[in-house]
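Okay, so chain A shows up in both of these, paired with chain B first and chain C after.
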Partner chain A sequence: MAQHQVNYTQDGGLPVALTSVDKVINWGRSNSLWAMTYGLACCGIEMMASGASRYDFDRFGTIFRASPRQSDLMIVAGTLTKKHAEFIKRLYDQMAEPRWVISMGSCANTGGMFNTYATVQGVDRIIPVDLYLPGCAPRPETLQYAVMMLQKKIRAEKAGRAQRPKRLV
Partner chain B sequence: MQQPNRLRPFFENISFDRKDNEMVINFGPQHPSAHGQLRLILHLQQEQITKAHPDIGYLHRGMEKMAENMIYNEFMPTTDRMDYIASSSNNYGFALAVEKLIGLQVPRRAKVIRMMLLEINRLMSHLFWLATTALDIGAMTVFLYAFREREYLMDIIEDYCGARLTHSSIRIGGVPLDIPDNFIHDLKAFLDKFPQDLKDYEDLLDSNRIWKMRMENVGVISKEMAQSWGCSGVMLRASGVNWDIRKEEPYELYDEIEFDVPVSEKGDNYARYKLYMAEMRETSKILYQTIKMYEGTVKENQTELMAHAPQYISAPKIDIMTQNYSLMQHFVLVTQGMRPPVGEVYIATESPKGELGFYINSQGGPYPYRLKVRAPSFWHTGILTDLLPGSMIPDVVSIIGTTNIVFGEVDR
Partner chain C sequence: MRKYVPKDDVQKKAYYTDRFWVAPQVAKSPVETDAVFAADLEAIKAKCEVLDAYIQVDQLVVLINPNDNFTVAQILKEECGYNQLSECSAIDWLAKQKQFEVFYQFLSMSKRKRMRVKCFIDKEQAVESLNPLYRSADWAEREMYDMFGVKVNNHPYMKRILMPDDWVGHPLLKTYPLQGDEAASWYEVDRIYGKEARDIIGPENRESAVVDRYDTERFGRLGHEVARGSEFDENQPVTPLAYQEEGGVFIVKKFQEDGAVTITDRKR
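Then we have the complex of A and B:
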């Protein structure tokens, strides 16, 4: 009988990787963040630019989807008005868990320069937000950095259980 | 009957008269091809639209009201967020209106720089239009190509004013800065390359069967219809009306520049697409001429960038730092704002989308008594009521695409 010649303590070791389920699931989740096309105003143009040729979001596994049911990430890009507010809530509810929200730009963060009768002063009054990114409008690099931060956050979460309820500000 | 509360104001006061066999569908306000927050209520007989009702206001931010509580210079960054695809053209429209109100003479060099910025913005806007419309119809390649060229232009603008999207690059009375050293070089390099890029897009689209089927004889606007709905810009010119405000009432130095206004008689989507492409070629022609004009001003050593009107415009920075009186005036102008004379003014400019007009009513105070924006997209949204009935559902997307509406401008 032929002797087994592989020395498992050398040559790269065992062909087995040991990890926890959390890490594997979170690795998958964080590297295929499908974002919803939620361009509301000016920031939506920068969001499109980050999806387009120069900034190429596909490298992060971020593909823009038109339906909330297919997406994990909602990038609220632009001013949320009171007239639109009920739709953002409805769309957020239609997203399957686990789901994350990035509030892009000053208008979505705090209402920004539009402190008027028509504007919601921050999207976090309607839906819970995971990440705020400043700027008016933030550059595509900023959005890419935000997605990287979100990936970090996802990797630090527990994957097995349902997400803890997020708090509205 | 719905009860109004904080999240549900009274806005759904649209009556549906239901008939048998008629389906009412809702399009938007969050729809990837609605170009922002357009909501359409469509009545259908099978696949044909019988009635269309555009519902706007989902991006109404109250800009005109904001203007009433802002000094004139303070309002300038807000105009950026109106037509956010071509910010400088809004800046310019507002600046021109205030200049007419107080009767300022802008130095020649500032005028040339303004024209450069305006035309670069026109190219950016048209490229963006091409990208999104092609994407809506399914031509992903054109989207990626057009955005590539748009990024070059954004780099050039960024060299000038530091911002990619919201430029605030024009001031009342002139421009804040001279153009940087490499600006002309970069712009020339782009313009030399650009005809080849345009040819690439046209090779991809012009005789593409899908593109032609989606565009030809779809969304036909007759001449009378275009005029009665207040269309302007490409929407009007595609329907056979030769009307360009740069030609009719030349502002800045457009009367010194030679360019053609492309006009088409057909009035369908395809005609509008061809006009946008032709306009991009004309714009490159204008840009070449502005570069020459700029070099002329350098030769003649005209270095003034802001109008001289101590009552309204701050002195140059060097004077503010060295002369006491200029510093005092600057302080008053920044804290209290300029006070234009009593009067009202309406100025129309040819923005990339059409006629962009600013109406300002001044009562002599530091704030405008009323500011009204006549945005072209608003009128082009209105025409959808008449344009959509009779067409099929898939045509809605291509028609909305070629109307080139931007919701920051429609709702303000």
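Then we have the complex of A and C:
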């Protein structure tokens, strides 16, 4: 009994309890990131390959869902056209908090090679992005790495934020 | 096998050609050289005025008055057996002659022949829809309207097909800038957030190669991560690339590089 020198009731014990709750919640969140099936162009093929058996996203707890309401993660895989921009916003709004966004490929990051009138020059003009994944197209390994980096980022976050701050508007 | 062409010094030769270079025309031959086409042309001439007609790349080309386009298509379909309208669109010659060229490409499955009907229209002039004759004209004419602003009379659903309905301008006009005009560059911002948000979101970055590595608000450079919004300094220490924290994560195993096996034998 002598080792128990720490007075756990000091400070109401609150900070200690909160960090561990954060950790537990973030552990859960980071290891079951359900991604939305959202392939917009050729990058979508690599995203599908990551989900399929060879690269096997399921081991990371990343399962593709067909509905924004069931997903935590939006992987914007491909070219976002200006006509489609309002729908990406709508889908993003339909996702429940907490939600994360990976912008996959040059097109989603900056418009990529489509330096034209019809392409949104970077998906971060519409929705806040957590992770930019360069490449055209990024290989499945890279996407897996991106998801692992995002998991790391989630683990460092506070769990109890009501609303994540938005960079845009 | 393809013939071998020596590739030495190919780079030295100029491969750049003028963007507005006009390709030389393929040789035209008179219509009389092909009996099938000559009969088709006679059928058209019986009812409509033909301004020009010739054969080019084994295809009959007929230039007509724009008001006759429906009649000509009807003749071609009902009398000459051209049962498919494979394509229809316009060409912007506004700079050269203040006119659009509207062309219709027909295919006859029974005669195994292709032919093209062309007409020139003025800027605000509308053409008659071929939709009652050929269903493929429906979308093709909508695309023509969307891309060039050429209106089509008696079309069942004259609306943009590719661009959004509230788009400004017609993108395939030669006067339309490739990177979009003012309305195009703010389109998604105006539509989703409203004009007020323009200042917050800012203009488009058209230099896609530029990534501002000193921008710590949005980017954390992999391997050189600093706290969000902090000043970036040249002597930033290199942070090791790791996908997992030092302490490890409950249940999740960390990959140990020393313990890993590299498989070289694919059949293993």
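The criterion applied here is as follows: the second predicted complex is superposed on the first by the 147 of 169 C-alpha atoms of A that agree within 3 Å, B and C clash if a C-alpha of one lies under 4 Å from a C-alpha of the other, contacts with A are read in each partner's own complex, and residues count from 1 in each chain.
Keep in mind that, in the parts below, a contact is a pair of C-beta atoms (placed from the backbone, for glycine too) under 8 Å apart; a residue touches a chain by one contact, two chains touch by 3 or more.
Worth saying up front: this structure is predicted, and the values here are computed from it rather than measured.
With the two structures aligned on chain A, chain B clashes with chain C. By the document's definition of touching, of the two partners only chain C reaches A:M148; chain B does not. Of the two partner chains placed by the overlay, only chain C lies in contact with A:W27; chain B stays clear of it. In the superposition on chain A, A:S106 makes contact with chain C only, not with chain B. Shared-chain residue A:Y117: touches chain B and chain C both. In the superposition on chain A, contact of A:A85 is made with both chain B and chain C.
Of the stretches 59-67, 149-157 or 185-193 listed for chain C, only 185-193 runs into chain B once the two complexes are overlaid on chain A. Chain A uses residues 82-83, 85-86, 89, 113, 116-118, 126 to touch chain B in one structure and chain C in the other. By the touch criterion stated above, chain C contacts chain A in their complex at residues 162-164, 171, 176-181, 184-185, 187-189, 191-193, 197, 200-201, 204-206, 208, 211, 217-219, 222, 243-245, 249-252.
Residues 27, 30-31, 82-83, 85-86, 89, 106, 110-113, 115-118, 120-122, 124-126, 129, 132, 145, 148-149, 151-152, 155, 167-169 of chain A are the ones that touch chain C when the two sit in their complex. Per the touch definition, chain B reaches chain A in the complex via residues 6-9, 11, 29-32, 36-37, 57-63, 65-66, 77-78, 80-81, 84-85, 128, 131-132, 143-145, 147-148, 150-151, 164-166, 407-408. Partner chain B is touched in their complex by these residues of chain A: 37-42, 44-46, 48-49, 52-54, 66, 78-79, 81-87, 89, 91, 113-114, 116-119, 126, 136-137, 139.
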